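In the two assemblies presented below, subunit A is common to both, partnered first by subunit B and then by subunit C.
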Partner chain A sequence: MHPFSYTRVSDTREALAAGSRGARYIAGGTTLVDLMRETVERPETLVDISGLPLREVTATERGGLRIGALVTMSQAAADRKVRTLYPVVSEALELSASAQLRNMATIGGNIMQRTRCTYFRDVTAACNKREPGSGCAAREGFNRMHAILGTSDSCVATHPSDVAVAFAALEATVHLLGPDGERTVPFADFLLRPGNTPDREQALRQGVLITAVEIPALPRPLRSGYLKVRDRQSYEFALTSAAVALHVRGGVIREAKVAAGGVGTVPWKLPAVEQHLIGERPSEALWAAAAAKAADGARSLQHNRFKPQLLNRTVERQLRIVGENA
Partner chain B sequence: MSPQPQAAVGAPLSRVDGRLKVTGKALYAAEHDVDGAVHAVIVDASIGRGRITSIDTRDALAHPGVLRVIHHRNAPKLPYRDNAGSNNPAGRRLRVFQDDRVLFHGQPVAVVVAETLEAAQHGASIVKVGYDAERPSTDMAQARAGEPTDYSRGDTEAGLRSAAVRLDLTYHLARNHHNPMEPHATIARWNGNRLTVWDKTQWVMGTRDELAAVFNLPADSVRVISPFVGGGFGSGLRCWPHVPIAALAARETGRPVKLVLSRKQMHFGVGFRPSYEYRLRLGADRRGRLVAMDHEMNHETSSYETFVEGILDPGRMLYSTPNVRQAYRTVPLDVSTPIWMRGPGPATASYVIESALDELANELGIDPIELRRRNEPAEDESSGLPWSTRRLRECYTVGAREFGWDRRPTRPRSRREGDWLIGMGMAAGVYHTARMPAQARVRLDADGTAVVETATSDMGPGTYTSHTQVAADALGLTMRAVTFRLGDSLYPQTGPHGGSMTMASVGSAVLDGCNRVRRQAIELAVEDEESPLYGVAAEDVVVRSGRLHVRNNTARGETYQRLLTRNNRSRLEADGSYAGPSSPERHSFHAYNATFAEVAVDATLGLVRVRRVLGVYDAGRIISPKLADSQAIGGMVGGIGQALLEHTVTDHRDGRIANASLADYLVPVNADVADLRAIYLEGEDMEADPLGVKGLGEVVMVGVAPAIANAVFNATGRRVRDLPITAEALL
Partner chain C sequence: MSTDLPESAVPPPSTGADESSSAPTRRTFIATSTAVGGAVIAGGLVGGTFLSGSDEASAAQTPPSSRVTLTVNGTRRTVTVDNRTSLLDLLREDFGLTGSKKGCNAGACGACTVLVDGRRVNSCLTLAVRLEGADVTTIEGLDKGGRLHPLQQAFIDEDAFQCGYCTPGQIMSGVGCIQEGHTGSPDEIREWMSGNICRCGCYTKIVRAVEQTAGRK
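Up next is the complex of A and B:
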C-alpha cells in the first residue's frame, strides 16, 4: 500500500473543499482499500465521507425513491419502501457480496466499484484501465468472466455491480454535488463504456460527490425481480444476471424495464427486449422471443462463448418469473 | 495386562482445544509474540521463465523502516545439503536467492525486511526487477511427458480386444489449490548458530531437517514449533522456500523475522494438486464383469522437481480385473512443484474409474451398485494379499438403504421439478492405510495428571482431542487429567501429519507409552505391601478415573496419586513407540467408502446444486465420532469443490495464475453445502495397527466428485468428463 493521508469530514462543504484539492472520497472502503492493498489504487489523500448526512431512503414527491449515497447495501435492501416498490433493487442487493460487505458498502460506492478483471487487479499485468496504453491482457487471456457487450479493443472488463443493473433497468438518476452546485445524470450516462479510455469509468469530475440515486416513479402495479446466475450460490459475481420490471394492465404489458449484468462493460440496458414486450400479452412464447434479442451485438471471447446463450436464457427465465405474477 | 475399560474412545467429545480456538488463545504461526520481530515480504517474479537482469532496491531501501532487501546478488551462498527426506521430491529443489534464474511465475526473487509490516509491503511493491523473459511452458497439452512408471498384469490389449463392451474415455481434472484458511507463515529467530522457527507446517521434523540442510546445521540446532495449524490439506507437508527465506532474513538482519504469505502467494508458493489428463480404456463382458483396464495418466510437475503421488492403487485393486495396464507420467512445466492435496491420488483416480464404471453401467443397463458388486475382488489382485478388512459391500447396502437409492431414476433425464432436473449418483472410494514409525513420551505425575508429548501436528482433524482420548483410556484417567502436547521438534519423532497416518501411527505410539506407564503403576502397586492391591495379579488390575482397582472388585484399589505419593515417586514415565507396519505386509490395508449424491441441475441455465451427500465409511475403529463427522463433512465439501468449482487457471502466455485469490478461486460456501451425512460401519481392523483404525481424513474426499458427476449424468443425460463441471458444460 502506498502511503497516504487520511482525514474525516462531517459536512459536504468540507468534503467538496477536500475534493477540490484532489482528495479521493472513501466511505465503506470495500473496493478502494482492497485495491490500495494491491497497489492498483494509490491515492495520496483520502477523505472519509461516512459522516455526511446522506444516509436516508426517502420517497420523492412524484412517487419514486431517493436512496442516499451513504445508505449501506444492507440498509437499502432491508428498507420497507425499497422492498415494497422495487423488489428488483432489494433482490439485487441481497444477492451481492457477503453480509459483512453489505453492512459496510454504500450505494454510492457500489456504483463506483471497479471491475473484478483479474488483470486489472494484478499490477504486473497489462491493463489499459489501470495503466492507459499498456494493453489488455484479458482479451487473449483468461476471460471467462468478461464482457460480451460494450467492449472495445482496449477493454473487455465487466462492471461487477448487481444493484447497478437494477438501477439501469429502472432508469434511475444519479444526484451529484460539485463546486458548481447540484445536478442529476441519468444512470445510462453515468457509467461510461470503455472505448479508447477505459480508465474513465464514470461521468464524474474530480471532487464531485454522489449524494443519492433516485429511482423514478413507475406505473403501478409493478412487478420486478432480479436473477443472478453464478457458479456458487453466494458470495460470487454474476456470470449473467437479469433485472426485470413489468407493468401489466388489462392483460397487456404496458411498461417493461429490462437490463442485464455480468455481460456488459456497464450495466446493460436491453431496449430491444423492452420494445418487444410492450403492448403484448404475457406468454411463454413472448418471453422467449423477447429474450432472443438480449444478446444482440454480443461479441464473445475465447472463454466466454457460452455467455450470449446463457444471457438469452437468463433473461427469458426472469421475464417468465416476473411476468407469471404480473 | 487387562484390557482397559473404554470411556473416552468412541465417545462424541468436543475438541479439547475448542475453547482456546474460539477465544483466540490458540496461537497460530504468525501470532507468536517473538520479542523484537521485524517483518519480511517476498517480491515475486512477474515472468514465467527467464533471468533476472537487474534489481533496483534504492527506493525500497530509502523507505522509512526498511532494513534490508535480500536477493541473489547480495545473498550469501547457502549450503543446501542434499536432503532426501522432508518430503522433498526427486530433483534439485528451488534454492532461494542463489542465482538469476526464474523457473516459474511468482518465484521469490527478493525479500524486503522492515520494522513494520506496512513498510515491508510497500518496500516489496517498489523493488524494481528487470528480466530477460522467455515464454514459459505451462500447458500440459503442449508439453512432453517424461518416461512412464509402468505396471501390467495379464494381457490388457488382448483383453480389450476380446471384451464385448469397450469404452475409451479421456478425462481432464483441473489444478486445485489447498487454500487453507490460515496463510502459511514463519517466524525465525537465531541464537548464535541455533535456529528456532515458529511455522505453519504439518511436519515439524521435516521442516527441521530441511532447514538444517539448507543452512548446514546439525539437526538438533534447529527447533520448529507449530502448536496450531489453521488447515492444511497437504500444503504444509513440505518446507517451502519462504521458510528458509525467513531464516535467511533473520540471519542477515540479526533480528527475529516474521514472514506471512499473501493469499496470492499461496497460489504459487505452497504446492497444489496437479492437473491431470487421464485416459482410461475399459473392456467388460455383457454382464458387466471387467476384463481389462488400461490407464494412461499424465500430470504436471515442475521443471526442477518430479512430484509423484500414489494414484495407481485404485486401478489395481478396487475391482477384480484380470488384465490391467498403467502408464503414469509426469509432465515437467515451468510451474512451481505440486504437493499432495487431500485424498492425493485416489481422489483423482476414483473420479475417473468411478465415472467410467457409471458409463459402463449405463451402457449395459445395470444398476451402478450391482455392477460394482459383480466386480468385487476376493483378494488384492495386485499383490495377492488377503484384505485385512474390506466391507465395501456393506457400505453399498447401508448407503443404498439410507440414501433411498431405490428412488433413483433409472433412465437419465427423467425426473424434473420445475426448472430443475433431478439425479442421483454414487461412487466407491478407497484410500490405502499407511502407517509410519512414531514415538511418544508419557509422564504420569504424582498429582494424578499426565502429559503426553509427540512431534505430530493438528491441522484441524482434532489430533489433540483424539489422542487425548486414547491416552485417557490407556492411562485410566479422565480427559481433563491428560494434557496432550504436539507440534514441537523437541518432542519425540513422528512422520508427517498427512496420508491418514496420524491416528494409526502416532495414536499407536501414544497407546504404547500410556500402556507402559499404566503397567509401571500396576506393578508398583501389586508389589507394594502397603497397597490394597498388594499381591493381586497385574493382569487383574484396571484403572478408571485415576484409580487402580481389581477388575471385578472396584472396592479394592487406590488412586495413582496415593500410590505415587506413598512411594515417593514424583512421576512415572515411559517412551511409547510404534514401529510401523510389518515388512513385508501380510495383508492389503485400505479404508473404503460408498458415497451417494443427489443433485438438481437447472435445465436451461446449467447450474448444478448438490442437494444431499451421504458417505458410508469402512474406516476401522472410529476413535472420536464427533471429529470424524467434521472430517467427513469437510471431505464432502472438498469433493463438492473439486466437482463443481475449484480450478486454478494458468495464463499460458506468461505462466501467471489468473485467479490467485479467494474471490476468483472458488471454494464452496455454506449455501452450496446442503444435507451432508456420514455413517461409519462399526468395527475395527486389528491387523492394521494396535488401535484398529484405518484412517479417515483422506478417504472421505475420495468418491465425492464422481458421485456428483454421476448424479449430474443421471439428472441430465450429459456426461461431462472435465472437472470442475461448470454451467457452460451443461447448457
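Up next is the complex of A and C:
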C-alpha cells in the first residue's frame, strides 16, 4: 500500500474543502482499502467522512425515501421504512457481501464501488479502466463473470453492486453536494457506461460529495423483490440478478419497474420489459414474453454465452415471484 | 507486555534487524516466553531490537502516521500508527493479540472478524487510524473473569473446528450474529455466517454451536 496522509472531518464544509484540494473521501472503506492494498488505488490523502451527519433514513414529503450516504448497508437493510416500502432494496442489500462487510460499507460507498473484474484488480494485467490505453485482458481472457450489455471495445467489466440495481429499477436520484451547492442526478445518469473512457465511472467531479440516495414515491400497493443468481448460495457476486417492482390495480399492471444486475457495465434498466408489462393482466405467458426482451442487444463473450438465457430466466422467475402476489 | 508507544516518544530508529528474521522472532518471543520463560531467546532483546511492526515501518522511511486512542478488550491504548496499518496488524503485531487471524487480508474469509463498537467487522479492511475512540473486542476479550463465553464453550462442546485457524473469526462473527438476532433457523444462521469461510468444512457443527448458544440466551 502506498503511503497516504489522513484527516478526519466533522462537517461537510471541511470535507468539500479537503475534496477540492484533491483528497479522496473514505466512508466504509471496504472497496477502497482493499484496492489500496493491491495498489490499484493510490490516493495521497484520505479524508474520513464517517463523522458527517449523513446517517438518516427519512420519508420525503413527496412520499419516497431518502437514504443518507453514510447509512451502512446493514442499517439500510434493517430499516423498517425501507423494508415496508421497498423490499427490493432491503433484499438486494441482504443478498450482498457478508454481514461484516454490510456493517462497514455505506450506501454512498456502495454506488461508488469499483468492478470486481480480476484483471482490473491485477496491476500486472492490461486494463483500460485502471490504466487507460493499456488494453483489456478480459476481452480474450477468463470472462465468465463479465458483462454482456453496455460493453465497449475498451471494457467489459460489470458493475458489482446489487442495491444499485434496485435503485436503477426504482429510478432513484443521487443527491450531490459540491463547491457550487446541491444538485441531484438521476441514477441512470450517475453511473457511466465505459465507452472509450472506462476509467470514468460516475458523473462526479473531484471533490463532490454524495449526500443521499432518494427513492421516488410509487403508486401503492407496490410489490417488489430482488433475485440473485450466483455460483454460491451466499457471499458471492451475481451472475445475473433482477430487481422487480409491480403496481397492479383492477387486475391490470399499471406500473412496472425492472432492472438487471451481473450483466451490464452499469445496473441495467429494462424499459422494453417494463413496457411489455404495463396495461396487461398478470399471467405465466406474460412473464415469459416480457422476460424474453431482457437480453435484447446482449453481446456475449467466449466464457459467458450462458448469460443471455440465464438473464431471461432470472427476470421471468422474478416477475412471477413478485407478480403472483401483486 | 504492552508495546504501546509512550505518548511523546519518537519512534526508535531501526537497528537494521531485517523483517524476515525479526518478525518470526517476535512471535517466537511471545510464544516461548509464555511457555518457558523467555530465557531461550533473551539474547534477541539486547540492544532494543524488539520493535513492533508499525514502529519499524515508520522508522524506516517515516511515512505519514497518526496517533490514535482506542479501547481494546477494556484497556485504553494510545498508539502512533503508520496510516496504512490495519486494525488486524495493530492487534497482532503491536498488541500481541494474535487470536484474530490473517486469512485473505481482503475481506473475503472472515478470519479477522472482531467487534468494533459492538458490531462485527473485518479488521483487515479497517484502517487503525480511523478508530479514534472506538471500542474493540477480540477473541481474547470475550471471556468473563476466566470463564469462556458461552459460544466459545459451545465450539468446544460441539467440536466445531479442525485446524482452528478460522475459529476466532467464526466465534466473533457468531457473537455478532446472535446479537443481531439472525439465528431463527439453521438456514438463517448459515446465511448470516456466510462471511466466515472454514476450509476444514466444519459448517454443520459451527451452525449447531451458534444455534445452541442463541437458544440458551
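Everything below uses one rule, namely that the second predicted complex is superposed on the first by the 326 of 326 C-alpha atoms of A that agree within 3 Å, B and C clash if a C-alpha of one lies under 4 Å from a C-alpha of the other, contacts with A are read in each partner's own complex, and residues count from 1 in each chain.
The definition used in the following text is that contacts are C-beta pairs under 8 Å (C-beta built on N, C-alpha and C of every residue); 3 or more make two chains touch, one makes a residue touch a chain.
Computed from a predicted model, the values in this text were never measured in an experiment.
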Discussion item. According to the stated criteria, A:R317 is in contact with first (subunit B), second (subunit C), both, or neither; which is it?
Written reply: first
Worksheet item: Touching A:M1 in the superposition: subunit B (first), subunit C (second), both, neither?
Response: both
Worksheet item: Does subunit B (first) or subunit C (second) touch A:L239, or do both, or does neither?
Response: first
Discussion item. Output check: A:V33 vs subunit B and subunit C. Expected answer is one of first, second, both, neither. What do you get?
Written reply: second
Worksheet item: Looking at the overlay, does A:A292 come into contact with subunit B only (first), subunit C only (second), both, or neither?
Response: neither
Worksheet item: With the two structures laid over each other on chain A, which partner does A:A188 touch: subunit B (first), subunit C (second), both, or neither?
Response: neither
Item to complete: Report for A:D48: first if it touches subunit B alone, second if subunit C alone, otherwise both or neither.
Response: second
Response to the item:
subunit A residues where the subunit B and subunit C footprints coincide 1, 3, 234-235
Discussion item. Under the definition above, what is the set of subunit A residues touching subunit C in their complex?
Written reply: 1, 3-6, 8, 26, 29-30, 33-34, 36-37, 46, 48, 50, 74, 97-101, 103-104, 234-235
Worksheet entry | subunit B-facing residues of subunit A, complex | 1-3, 39, 116, 118-119, 121-125, 137, 140-142, 229, 231-236, 239, 305-306, 309-310, 313-314, 316-317
Worksheet item: Across the complex, what residues on subunit B touch subunit A?
Response: 46, 118, 121-122, 125, 419, 604-607, 609, 644-645, 649, 651, 653, 656, 658-661, 663-664, 666, 668-672, 726-728, 731
Practice prompt. Mind listing the subunit C positions that touch subunit A in their complex?
Written response: 61, 63-64, 66, 82-84, 86, 105-107, 110, 113, 119-122, 125-127, 129-130, 132, 173, 176-177, 180, 182, 190-196
